[in-house]
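Each in structure tokens, the structures are laid out below.
What follows is chain A paired twice: with chain B in the first complex and chain C in the second.
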Partner chain A sequence: MYDSDKIIPGLIIFVLFITFPVWYNHGDASAEPKPELPKGVKECVLPVADMRAEHMQLLNKWRDEVLRDGDWAFDVKVAGKKYQKSLMNTCMECHKSRKKFCEKCHKYASVTPYCWDCHFAPVE
Partner chain B sequence: MDKKRRDFLKIAGISTLAGLGGPAVVDRLVNGTSPVGANAAREYDPDAQGETHKAGAGEHGEAAEGAKTRKRWGIVIDLRKFREDPELAEKAIKVCNYNHNVPHFTNKRHEVKWIWLTEFENAFPEHSQYHKDTKTLETEVLVLCNHCDSPPCVRACPTKATFKSPDGIVGMDYHRCIGCRFCMAACPYGSRSFNWRDPRAGLDMKKINRKFPTRMRGVVEKCNMCVERVGIGLQPACVEVCSESKAMIFGDLNDPNSEIRQVLKNNFTIQRKPSMGTHPSVFYIV
Partner chain C sequence: MKYTFPLAAVIALVLIAWIGAQIPGMQYLFGIAIPYLAMALFLGGFCYRVVQWAKSPVPFRIPTTCGQEYSLPWIKQNKLESPVNASQVVARMALEIFLFRSLWRNTKATVYDGPKLTYESSKWLWIFGILFHYSFLMIVLRHMRLFLDPVPGFIKALEFGDGILQIGAPTMYLSEVTILLALILLFGRRIFNRQVRYISLANDYFPLFLIFAIVTTGILMRFFLRTHIDIIAIKRLAVGLVTFQPAITTDIGAIFYVHLFLVSTLLAYFPFSKLMHMGGVFLSPTRNLPNNSRMVRHINPWNPDIRPHSYASYEDEFREDMVEQGIPVEKELPKKADD
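Let's turn to the complex of A and B:
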């Protein structure tokens, strides 16, 4: 091979450069988020797995049903108690902390929903 | 082959007729109705919001025939009572602003208004006459969104952020609003305000209603006829605060036995800019 003394170091530098994110962040994976759950309550609107995967769709569905179809009734049942379809007045009733619940996972997943631009999180 | 001009014209004429008339005949056979009948059916469809109002419908807020089976919330404002107690209007405005976290900005260009006082002449430009009586001239009129039966703002909105609910309230979904302000241009009553600034900057964050959200910069907002209260069987906040004097009466305009219909029956009422054909749900006793 011609110029192998230049090509081989060049290739090594190239490979190192390309794999930079892999070895730079190695062993640096942040711990799995542990959102603080409400004490004493074992039940939510949907089973845990569904809530984890689909709470955003549920909130959108609630919003449309309440605002557009006028369904303001207290017909969401959680652990025997009845609630309205509301983020501020229902979800945050049990999940009292935005920082310790919502943002734990949102930060980990690097998502920034705009809920709190208008809605109020509970006072902490 | 020898073709005569006469034969050619005959064939051309017949095929033109077949081409024009054929599809119409086929359509009628397939649908089983005549096109005239189809139009008439659409005219009485309650779901076709406002678009199907006949030109002959009264300017005094008559709903289309089919719409009478559902609710249509409305308000009667008795300006005589507001003249008697000048503080009443202020009370109504205050309670609304608190309930809905309506921001207050001193710069008039940033103002956000849900319910406010305006001069008679501005509220009712069509009701002008030469040499008004002093009583009318001095009356300040409490104005708010008219929750029209044919809301022009809803027609103008490109994202369906503003819409007419089944109970007649013209609502807003601020999640969908892109801030184009077409609705503001369409509304003949100036009932809509644009959030030029972050509304939270115009609120005392210690004295807010934490049960109701604020809005964000870049959306249009307006009176929602307290849909969050009406939805759970309460009266709008402004009506409730005036309940002692009965200066404002809230009720179902489609229910002939409701209190509001009795008031409308027994008093001469006017509406704002009736010639716009918007069919407002807010009535005034002067």
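Let's turn to the complex of A and C:
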């Protein structure tokens, strides 16, 4: 092999760079975050799997409908009670803590929604 | 057509993963075994190819010089186009690697009235290429948020910059738009430019279609087919893969396995294809050698060991035969004793 003084360091840098996540995580797969669920309430506005996958789309839709059309009505009853399209009055009524609920997963997955640019988070 | 086979191959790959991932138990194949195999092929194949290249001798300087070489003091040297030392070569290589500078030499021959023939720099390929490569880099770096825990600040900063328009939820990324645009332009170039279409082969179309399918499944998964896309479970799998403790903790939508299978295909295909220009750009002797033939003596490493052979010693070796054949010699044969 020619120029091995340049090729071998180059290859080592390449392999270290590609395998960066292996070194960075120290071989430790941290446990999945467990957001704190509200006590005593079993139902949400959508089934759990749908909420997990689509809550951001629902909130985005709610924001547009409420802010642009003034349409607050949400025609799904949860446990016999009617709710508004509202982050603060509907979601946060049960999920009271931003830190213990929202941010548990958002931090883990590095998601930074801009809800709190306008809304005040509940005081904790 | 030369693009039908690659297109069919990519569709087949999508179907294999789409159907396969819905068979119970096969998630471990598509989610864990194949990604590990693909990564091993990628790293092993990449190193193998580079070592093979490094074994090929480049005995003489063969840089493509496109400017005035180093000469007399009052003649201005073109330091980038005809570098003579390491720092000039490094500058030339850096511009090549980060800005694809040599693509500015992509010329287009045009005949004007007169007739007058011109060769003008056609920078479309350069624009499409730079758009594609930087979008791809951005996307790969952004994906590190799924492999690193905790997520480092610079990854978050990149994500913020890429999603700065704050359109929709989840936020649309600029790089998603630019890579799709660049792929369409690069593909369109192969279709509509007659000369390029003529030289395009199946192995030119396949990576384009494959990357297009990867980008499309990624966008579909993020915005449209979100059923069972549980990002926490996906991150747990990704972190598990890089820490060698993989686990699939819940049902993840089939589109995720399609995306992952196509990425695995790309990784496994990479070292054995033209995509190796990623390593090749560093190792191209027409770029990374200084043009110093007139300053340094370069000796071919496999030259046979030929000793100097003077005429006197030649005649010493063959004198008897020469005399026998009547060829004149400078020094006669020694007189024999019985003469």
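By definition in this document, the second predicted complex is superposed on the first by the 98 of 124 C-alpha atoms of A that agree within 3 Å, B and C clash if a C-alpha of one lies under 4 Å from a C-alpha of the other, contacts with A are read in each partner's own complex, and residues count from 1 in each chain.
Keep in mind that, in the parts below, a contact is a pair of C-beta atoms (placed from the backbone, for glycine too) under 8 Å apart; a residue touches a chain by one contact, two chains touch by 3 or more.
This one's a predicted model, so the numbers in the text were calculated from it and none came from an experiment.
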Which of chain B and chain C A:Asn89 touches, first, second, both or neither: first
Comparison of chain B and chain C by chain A residues contacted: C
Partner chain in contact with A:Val15 - chain B first, chain C second, else both or neither: second
First (chain B), second (chain C), both or neither touched by A:Cys118: first
Which superposed partner A:Arg52 touches (first chain B, second chain C, both, neither): second
Touched partner set for A:Met1, first chain B, second chain C, both or neither: second
Chain B versus chain C as contact partner of A:Asn25, first or second or both or neither: second
Common interface positions of chain A, toward chain B and toward chain C: 114
Chain C-facing residues of chain A, complex: 1-4, 7, 10-11, 14-15, 18-22, 24-30, 32-33, 49-50, 52-54, 56-57, 59-60, 105, 107-114
Chain A to chain B touching residues, read off their complex: 63-64, 66-74, 84, 88-89, 114, 117-120, 123
Residue ranges of chain C in contact with chain A within the complex: 42-43, 46-47, 50-51, 54-58, 144-152, 155-156, 159-160, 166, 168-170, 226-233, 235-236, 239-240, 242-245, 247, 249, 279, 282, 301
Residues of chain B defined as touching chain A within the complex: 163, 165-167, 169, 171, 173-175, 208, 210-211, 213-216, 227-228, 231-232
